[in-house]
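Listed after this line are the structures, all set down as structure tokens.
Same chain, two partners: chain A is paired with chain B first, then with chain C.
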Partner chain A sequence: MSTLVEPASQASPGPAKAGPGARWLAGPGVRYLLMLPPALMVIGFVVYPMVQTVIHSFYRLDGLGRVIGFAGFGNYSALFANPVFMQVLRNTAIYTVFAVVLSIALAFALALLLTNRGIVNRLLLVGIFSPTVMPTIAAANIWLYFLAPQFGLVTELLGKVGISQANILGEPGSALGALVALFVWKYAPYFTLFLMAGLQSIPQNVREAMRTEDPHGWQSLRKVVLPIMAPMLAFVVTLAVIYAMETIDPIYVMTQGGPANGTNLVMFYLYQLGFNYYAWGPAAALSALLLGGLSSLSALSLIALERRAFHWA
Partner chain B sequence: MGVTWRAWRRGLEGGVLAAVALIWGFPTLWVLYATFAGTGHTSGFTLGNLAGALQTAPFGEYTVNTIIIVGTLLLTQGIVGLIVGFILARYDFPGKSIVTAIFLLQIVVPVYAVLIQDYQIVQGLHLLNTRLGIMLPYAVSGIAVVAFRQAFRAVPRELEEAARLDGYDMLGVFRRVYLPRVGPAAIAFAVISVTFHWTDFLWPLIVTNSDAARPVVVGLALLAEASESGLQWNLLAAGTAIVIIPVLIVFVVGTRRILAAFTSTFDWR
Partner chain C sequence: MRSTWMRVGSAMAGLALLVSGGAVASAAKAPTQLSFDFPVGVTGPLTTDMQHLVNAFNKTHPTIQVTPVFTGSYQQTVARVETDIQSGTPPTLAVMTSTSVYDMLHLNAILPLDSVAAQGDYYPALLQPEVKGHYYGIPFQRSTVVLYYNKDIFKEAGLNPNQPPKTWSDLVTDAKAIQKLGITGIEIPTDGTCYWEFAPFAIEAGQNLASNDGLHVYFNSSAAKTALNFWMDLSHKYGVEPKGILPWATVPSDFESGKVGMIVHSSGSLAAILKAANFKVGETFMPADHSKYLTDLGGGDFFLFKGASKSQQQAAIAFIKWMTSPQQAATWSKETGYVAVTPKAYQQSGMQKFTAAHPQFLIPAEQLQYAQPELATYSLSQIQDTLDAAIQSVLDGQSQVVPALNQAQQQANGILANYR
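Then we have the complex of A and B:
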């Protein structure tokens, strides 16, 4: 009402809507005050632990994680001297390469198919994206049942095609393969979401032109779609690498790192070092390495998008 | 000829999508089937497995814990994201790049890499085995800050100036001009936050050692561990159903809106 009565040019400090409290809220000091607690939370639970992790990796730590002396690079050399850790690194590398390549390839194909189709049946969408909303722990339980020897569904199916007595989780190679399959099943739809968002940025008229002039789509895929999608693809690939390297939930439920450490990946090994063996020194060293590796990867993924979205300062 | 090729191809694509949907959706279908379909003497629909799962483990308590954790985090992350995102989008001030860097660091540094230190901090605060202890490291979400900042930036300045001419102060402008325009960003952030914390496992696992604060995913993992020593699979399926049904309902009801919000929020042109 008051907007109608009062002319906009009036110099008096605003109509009744602007109470004194509200004007106080707009001051620059208040803005700092509002940002301080959240910033302190991040400093307390991210920045300080980061620094502390790196510092601790150079000290000898007792069973409770307390500093008992300087170690130099002792924790790191202890870590790399352990043959189990070398195997863990090898496992993680193999798992990550297969999981990333397969899930991204599938996600890209799915994104193209779904975008081409326009409106898609809701039942199809729910089916395809149901793994995204399912906790990995729950999925791992179900897969464990499917893969169980003797009565598991997959085991029975394999029996029908002549592979009898398959114990997929009982052999290091096939167990790692099962973990890769679980990753692809769980994350390919999630990556599809990002890639679909990327495909939206191809202008409508370009899409129309592609459809009429290049019905098979291979030319336009290579010359139009891939270049436009490159930043989003880079983002999703780094995301996939990070997720693959952070895999621990299915290992905890399905294999506990076995058989013979064949599915022991780097995050599960870190968990074992700390919370099973209380080897906090080597655990700090491994944390510091993961911190460097994973953080630079996620920074890279943000930079991949930066040119299109992020204005840092 | 072109037309038949296109029709043929469209059919093929539909077939591929249907096959993928079937395979990808099959585990969910199986859980629901194993939970609600009676076997042997009780055929047809049954709630017996659910009741059995609730008897075997305190899933009610677990679920309450999860809902409190997920809800509180969604609220605090959302409010902090709105406030900080708005300030970063709308104002210039000394030290802005440092503040931005701090919140970006929260996105970039994976929780797993600072897990042990965070554990020791929570231990030092005597918050092990509490819901607060589980929530504390996650209270601020950089993704929320960035998502809302992007959404606020997309609001045309003319709208704000028009509202100012109408006599609204900053808070009024925020409420009437900016807030109504961040819906898709809010949905996308909410989906990311809820799915992450609903499914988060390792951190709650190490922070809890009793049922008092344990979220449902941790309870499920422990049930699975126990099941290897002879628990019935249909009880495990029922436990799994308890975990996935709530999220599944939300997703089935809001499928298109959720997918569209996701697409528009990450469509950073």
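Then we have the complex of A and C:
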């Protein structure tokens, strides 16, 4: 290490008689020492369990999660042989597509509308941002009562327009729809903030040029705004996909995966596999798949973000 | 000088020894700490009621200090206990569904409580089934599936408020009469663990959902098919029940606010319903198909876990005995509507006065002679979810009764094959 030798000749105000070892301790040593607790935390609570989970996914585990034999790909094939898991995958795909597309479309529209700084816009922004800061558990409980059959707010409103006895959480399709709506309600405002930041990176003179050259805005949206926003959009889409795949708390509160597994998404199924079914082997296999899938998605999007980043030179 | 310091020092050391010795002595006298996990599966302020009971125990038992830990629903409690066992720190005592016994045995986690069961004067039905020659769960908050009905609505609909439906066809006739008032006839909760509300109908139609060895289920029996067809008919043929899935949590609210004439729910919800309803509440046996009034049991038992110290185990057994003694059983029953676990509870003078004023509280105990054990198997959550999903897919119109139940049976056989 060059840093060990380099300061040896200088007359620093530090401990004059100290040898190189002590100086290392005072310099980089302190840095490594300060790094140690968080590094240990990450290794102990993130890296180790991750590696352990992947290794476990190839072993047979008993009800307490102890290894009782080698399974090869047995846990993976057990997972895919289960019709419930196939339904869960289908649900998750449908949910993710709708949740991501709707929340980002709404966020983009809101970003375009709210990007001019005015007091009204600022207030509106604060207003629509409120669902984002609300804990999902609380929000889901509120929605549960909105949607309750017989006396829920939504049910009453639907009754006024002629849809009587609406039982939104009671049917798989509409229950999944309610979960999508909750996602959009909660995350669209959050994504709006990112997209507004992206829009603000367009310089003032470019914006003025766009206003005079293209009063309707369609051409500039297609040729200027979208290309500039592309990396930011890619980032937000990745974020949205990850959040959608991670959805579990509203399911836990509102539907418990029902009715008839209609709202059972991959994260909730993972919870069920482990904590309700004691099927730790398949649970480890599913965790490994999710880990691989989501981290490669993040990596891809980061690469895309780097490559396609737009710089005003 | 030096010797003075030394004397002071030795005096200090002696003092320290005395203090620490005193601490050790008082630690030996400190009460045995006992924390126990309990779930709440019905409506009402049960956590407060539980705290009152435990406080009374702690006051009368100075050598034991019990801390109740509220652990959510039954399913959440099982998940928590299982995680604790996995991490090597099992609870000493927990209330779990009596049906958890097979999975807890499979985890090698619980101890038999045969002597408590033998001495407790419990209703025999509540101790069933005996598992592998032992009694593991001691009945505590046990319930039955009952039918609640709104007497005022019955009167309004021209029905006799003291003559609730006795048979399935009575049920349909009465529900139709109520429906004519613009009020929903009947609601049976069908979300979550709906197998429980389904079981009385299947039992009534001729067969329980499972055997008593934890290894066999009868999801596609003709009885189960008859029962599910009847459920479908209630909403689709007779139009006396809303279509789709009805939530366990809001069905009592609908009943309390007079939006529905009859509901099927746990007897453990009685106290909360009585408190909230401003009409005369009737509670009765499940209507019969072949005039047998059969129902199934539910609710929670005390379980004692391996891994606790001898003194903790003894304290836990003392606590279980106290909690299920006639006096406490009567208190818990009055506050909740759960069956008092011993017939002696109903002979308590306070309880006799109470049941004279609220005869509804006697129904679950009278029902015990007709009650069958709740669906209990190995891999219980998964087996229950299989049946729940099958029932719900039929109610939602995604599949037909016969193929749905056949598929559930096939899946359950696949799961249970690992244990046979």
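In the analysis below, the second predicted complex is superposed on the first by the 267 of 313 C-alpha atoms of A that agree within 3 Å, B and C clash if a C-alpha of one lies under 4 Å from a C-alpha of the other, contacts with A are read in each partner's own complex, and residues count from 1 in each chain.
Heads up, the rule we're going with is that a residue touches a chain if its C-beta (ideal position, glycine included) is under 8 Å from a C-beta of that chain, and two chains touch if they have at least 3 such contacts.
Nothing here was measured: the structure is a model prediction, and the numbers come from that model.
Judged by the touch definition given at the top, the superposed model places A:Val133 against chain B, while chain C stays out of reach.
Residue by residue along chain A, chain B and chain C are tallied for touches, and B comes out ahead.
Within the superposed three-chain model, A:Val42 lies in touch with chain B and out of touch with chain C [touch as defined at top]. Touch criterion met: A:Ala299 reaches chain B, while chain C stays clear of it. Of the two partner chains placed by the overlay, chain B and chain C both lie in contact with A:Phe275.
In the superposition on chain A, A:Leu34 contacts chain B only, with no contact to chain C.
Judged by the touch definition given at the top, the superposed model places A:Phe73 against neither chain B nor chain C. Using the contact criterion defined above for the overlaid structures, shared-chain residue A:Met267 touches chain B, although it does not reach chain C.
Overlap of the chain B and chain C interfaces on chain A: residues 65, 275.
Here chain B touches chain A in the complex through residues 2, 5-6, 10, 13-14, 16-18, 20-25, 27-28, 30-31, 80, 83-84, 87, 91, 93, 96-97, 99-110, 112-118, 120-121, 136-137, 139-140, 142, 146, 150, 165-172, 195, 198-199, 201-202, 205-206, 217-218, 220-221, 224-225, 233, 236-237, 239-240, 243-244, 247-248, 250-252, 255-256, 259, 262-269, going by the rule given at the top. Looking at the complex, you find that chain C touches chain A at residues 75, 78-79, 82-83, 85-86, 103, 106-107, 184, 190-192, 242-247, 250, 253-254, 257, 259-260, 379, 381-382, 385, 388-390, 392-393, 395-396, 398, 411. Chain A meets chain B in the complex at residues 2-3, 6, 8, 14-15, 17-18, 22-23, 25-26, 28, 31-32, 34-35, 38-39, 41-50, 52-53, 56, 65, 110, 113-114, 116-117, 120, 122-146, 153, 185, 189, 193-194, 196-198, 200-201, 215, 242, 246, 248-249, 252-253, 267, 270-271, 274-275, 280, 283-284, 287, 290-291, 294-295, 298-299, 302, 305, 308-310, 312-313. Only residues 63-65, 83-84, 148-151, 165, 167, 169-172, 255-256, 258-262, 272, 275-279 of chain A touch chain C when the two sit together in their complex.
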